[in-house]
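One chain, chain A, links the two complexes that follow: it is found with chain B in the first and with chain C in the second.
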Partner chain A sequence: MSATEENSATEKDSATENSSADEQDLGPEGMTRRQLLRHTAWFGSAVVLTVVGGEVISHVATPDAVAVPPEDPNALRFAQISDSHLGFKGAANTAVEDSFAAAIRQINALPQRPDFVVHTGDLTHLSTPAQFDQVKQMMGELRTGKVLTVPGEHDSVDDTGQKYRQAFGAGSRGDGWYSFDLRGVHFIALVNTLSLEKLGHLGADQIEFVRTDVAGLSSDTPIVVFSHIPLFAMYPAWGWGTDDAAAVLNLLRRFASVTCLNGHVHQLFTKTEGNVTFHSATTTAYPLPPPGQGTAPAPVTLPAGKLKDALGIREVTYRKGSGLLAVKDVRLA
Partner chain B sequence: MRISLVAQRIPIATAGLALLAACGTTAPPAAGPPMSGMPMGTAAADTAPVTTDAVSIEDFAFAPARVSVKVGATITWTNSDQEPHTVTSSGTGGPLKSTTMNTGDTYRYTFTSPGEYEYLCTIHPFMTATVVVTA
Partner chain C sequence: MSAATITRFALALCLAVSGYVHAELYVNGYRVIPVIGESFRWQAGASFALALLVLLADPPVLRFAAAGLMAGALGGFALSRTTGLFGFTEHGWQPAPQALVSVVVEVVALALLALPVLFAAHGRRA
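For the complex of A and B:
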């Protein structure tokens, strides 16, 4: 089956596609059509699964998104890593520090140095001073212009984020949120892991910050939003959503292109709602089950040798005037 | 400049509000992406409390999710999960504030005044439960 068919099969309400395919012809990676549809349904619309040289897991196939040529000096380039969980000791990954080091090496080996690297939270597993120290030292090895972070709930286990802000909060506002502009793109980094409301929560102060922050921006400014917990309802029963995200998304509705990058769910997932595209990133530590598979989002121990297939880094590029950002997810080497 | 004419469909609010204390219930089957009308189990508030001073933490849930004790009783929480959890009062100003509980760790708290005490795990905030303290 062609890439185009995959894509059209998962457009919009992809849930309805799960039961519609009975064909047993094998698609890529030996999956039946039904399995593939189920699989791609979780990746959502606008993404075509591709495997090139065993590395690229997915890239956005939207016509507007053009991968920037490597030689373009004016292009925006950044990398996203997420959910490194330094300090985790479990069968799902007995060496999360090694995996994180591998992700850092992979970013440092990119042909072009990224403008910045953003870690979208759960830097540590249990917010201990030693874990914060270690993750900060390791990210100091990144060859990039700047290292950015947003906190995960594992980074604020017992102090509503005080140790996190001590380590990474310089220059941020409120509970650790901030915004900046780079190469024609406006970036907003949000904190939705501190107020405990079952789901992720932003709070009135942060929503007001976004309102003021975007007020003066032209509607054709591309917007990129970082958060740990998804800003869309990926699976609320496991806390994979943000209860007041709609307030922020409404403020961003007038913009032509909004890209929301999150972590938390330890797996790739992409979804488009109007002008907004959401991209959940994978982890550098250990996979979690697909939404609703099993009773809880507990770490999944994969068969020997399979772990690296579930881990990865994300490269994002953008050239001014080219519409959408190009998002490429790459397996851990 | 492109302007989106498509009204956004954001199911977060409805799905989120339907989620009250899903702990202790069976997760819905993996039939597809979350829908706003998906079954969310019985809200804890509708469940009769169990009279006990022992709460276990297993499979990302407090069990029983709603317990009842008399004033002066001490409740002991035991983490039987492989994952770390906390016992932390919901909102602000509540009395429950455990440190991170690893496998086998316990947390004890003695309730000195009657009332309903809602709590959750700060690492997995979808884990919620209630202690009812009676005079």
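For the complex of A and C:
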């Protein structure tokens, strides 16, 4: 039966039902039982086909598996923590050291040891030697292959990042930027907090570093970029953006998959622009308001017991050939 | 072929195109975005399902479902460009051309769904 014939048959059935409606039980909506059954059947068909379609699309996207199997020894795994602000004293979090310790314990309790842990800046609150000592000591307790960092503006309060580089700058170039390869993924760690006025700033030297760094890479190499301040214009009025990020992002346009992970904004935020996906991480210290809510990005004091819901860590996994990194944000336990 | 049949086929086409755009975005990157990725997948699945069923028949329950789906997709698009949706924002007509294509077919689908209602209301007044 063609669709047109089926439809006209449906219309005839409907007419017959209407003419004999008086002879049948009418429901509360004035619908006969047969009409109710027919609507239910159509709706049920739509639901079943939706589920089938959704599963097919999921399979097309990740033909081998929806997620990285936990036992896959070749998968890349790393964790991101951000904005620990050791030394912060305020009502928004009266014990930032305890929160940071909880984040470290949570990473150490992951079922698979991460290949590395990256801290995306504002390790300290005021860049004092004691705060750097404390954060370095605490991060030394992480059970991971390597601990990586990028500086936040709080890590270079009075010395353009000298104390930061003494503590964490080994092997980096320029003002602390670097890159490396791991399990088929190319990582670039950028510094956009040293010469900022309102927005983050990378500078010509760092842009040139990225240009030469990616020149020899094939376009199907997954790229991951770490920075403290977002490389996208999240909320420029509060300085949540980087004024010359476009120069770097243009250099990364040819790559199939680019993932930018940042801190600074103390809240989860995700957006996609073409081949680039940006993920802002939350903090281990204290929340900031959503963009534009209030006059300034000042620490937010949450009701008792709610703080941990705003803090967290991020787990990232990648299996070669799957194209994209899987990003999972987890609240602080 | 009657005008009603042509309208139904056009509606099925709009639903299928909207589903294709969301499925393509899901496959090519949006699937990693929390909440948004999954909502794109189910939007695509529902759009394909309704496109197929609308080709077979035209019961009101499918029209309501299609209207809800298209209005929901347009609402999500508007929120993602204003207040943000589950922490997700985009600007203007990015990603191009998918953003423009999906908005056009969703608006056309809603117009096609509204036509019989408007005609019926006009007929009652006449």
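The rule we apply is simple: the second predicted complex is superposed on the first by the 267 of 333 C-alpha atoms of A that agree within 3 Å, B and C clash if a C-alpha of one lies under 4 Å from a C-alpha of the other, contacts with A are read in each partner's own complex, and residues count from 1 in each chain.
Convention: a residue touches a chain if its C-beta (ideal position, glycine included) is under 8 Å from a C-beta of that chain, and two chains touch if they have at least 3 such contacts.
Remember, predicted model here, so these are calculated numbers, not experimental data.
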Q) In the superposed arrangement, does A:253 touch chain B (first), chain C (second), both or neither? A) first
Q) Now for A:326: first (chain B), second (chain C), both, or neither, which partner does it touch? A) second
Q: State whether A:106 touches chain B only (first), chain C only (second), both chains, or neither.
A: neither
Q) In the superposed arrangement, does A:268 touch chain B (first), chain C (second), both or neither? A) second
Q: Tell me which partner A:206 touches in the superposition: chain B (first), chain C (second), both or neither.
A: neither
Q. Which partner does A:149 reach: the first (chain B), the second (chain C), both, or neither?
A. neither
(Q) If we overlay the two complexes on their shared chain A, which of chain B and chain C does A:277 touch? Say first, second, both or neither. (A) second
**Q.** chain A positions touched by chain B in one structure and by chain C in the second
**A.** 42, 257, 273-275, 290-291
(Q) Taking the touch rule as given, give the residues of chain A at its contact with chain C in the complex, in rising order. (A) 3-4, 6-7, 10, 38-39, 42-43, 45-58, 60-62, 257, 267-275, 277, 290-291, 324-327, 329
Q: Mind listing the chain B positions that touch chain A in their complex?
A: 1-4, 6-13, 15-20, 22, 26-36, 38, 40, 59-61, 82-84, 86, 88, 90-91, 99-100, 120, 122-126, 128
(Q) With touch defined as at the start, can you tell me which chain A residues reach chain B in the complex? (A) 14-16, 18, 41-42, 90, 125-127, 153-154, 156-158, 196-199, 219-220, 231-239, 241-243, 245-246, 249, 253-254, 256-257, 273-276, 290-299
Q.
Show me the residue ranges of chain C that touch chain A in the complex, using the header's touch definition.
A. 1, 5, 8, 19, 23, 26-27, 29-34, 36, 41-42, 44-46, 48-50, 52-53, 55-62, 65, 84, 87-90, 94-95
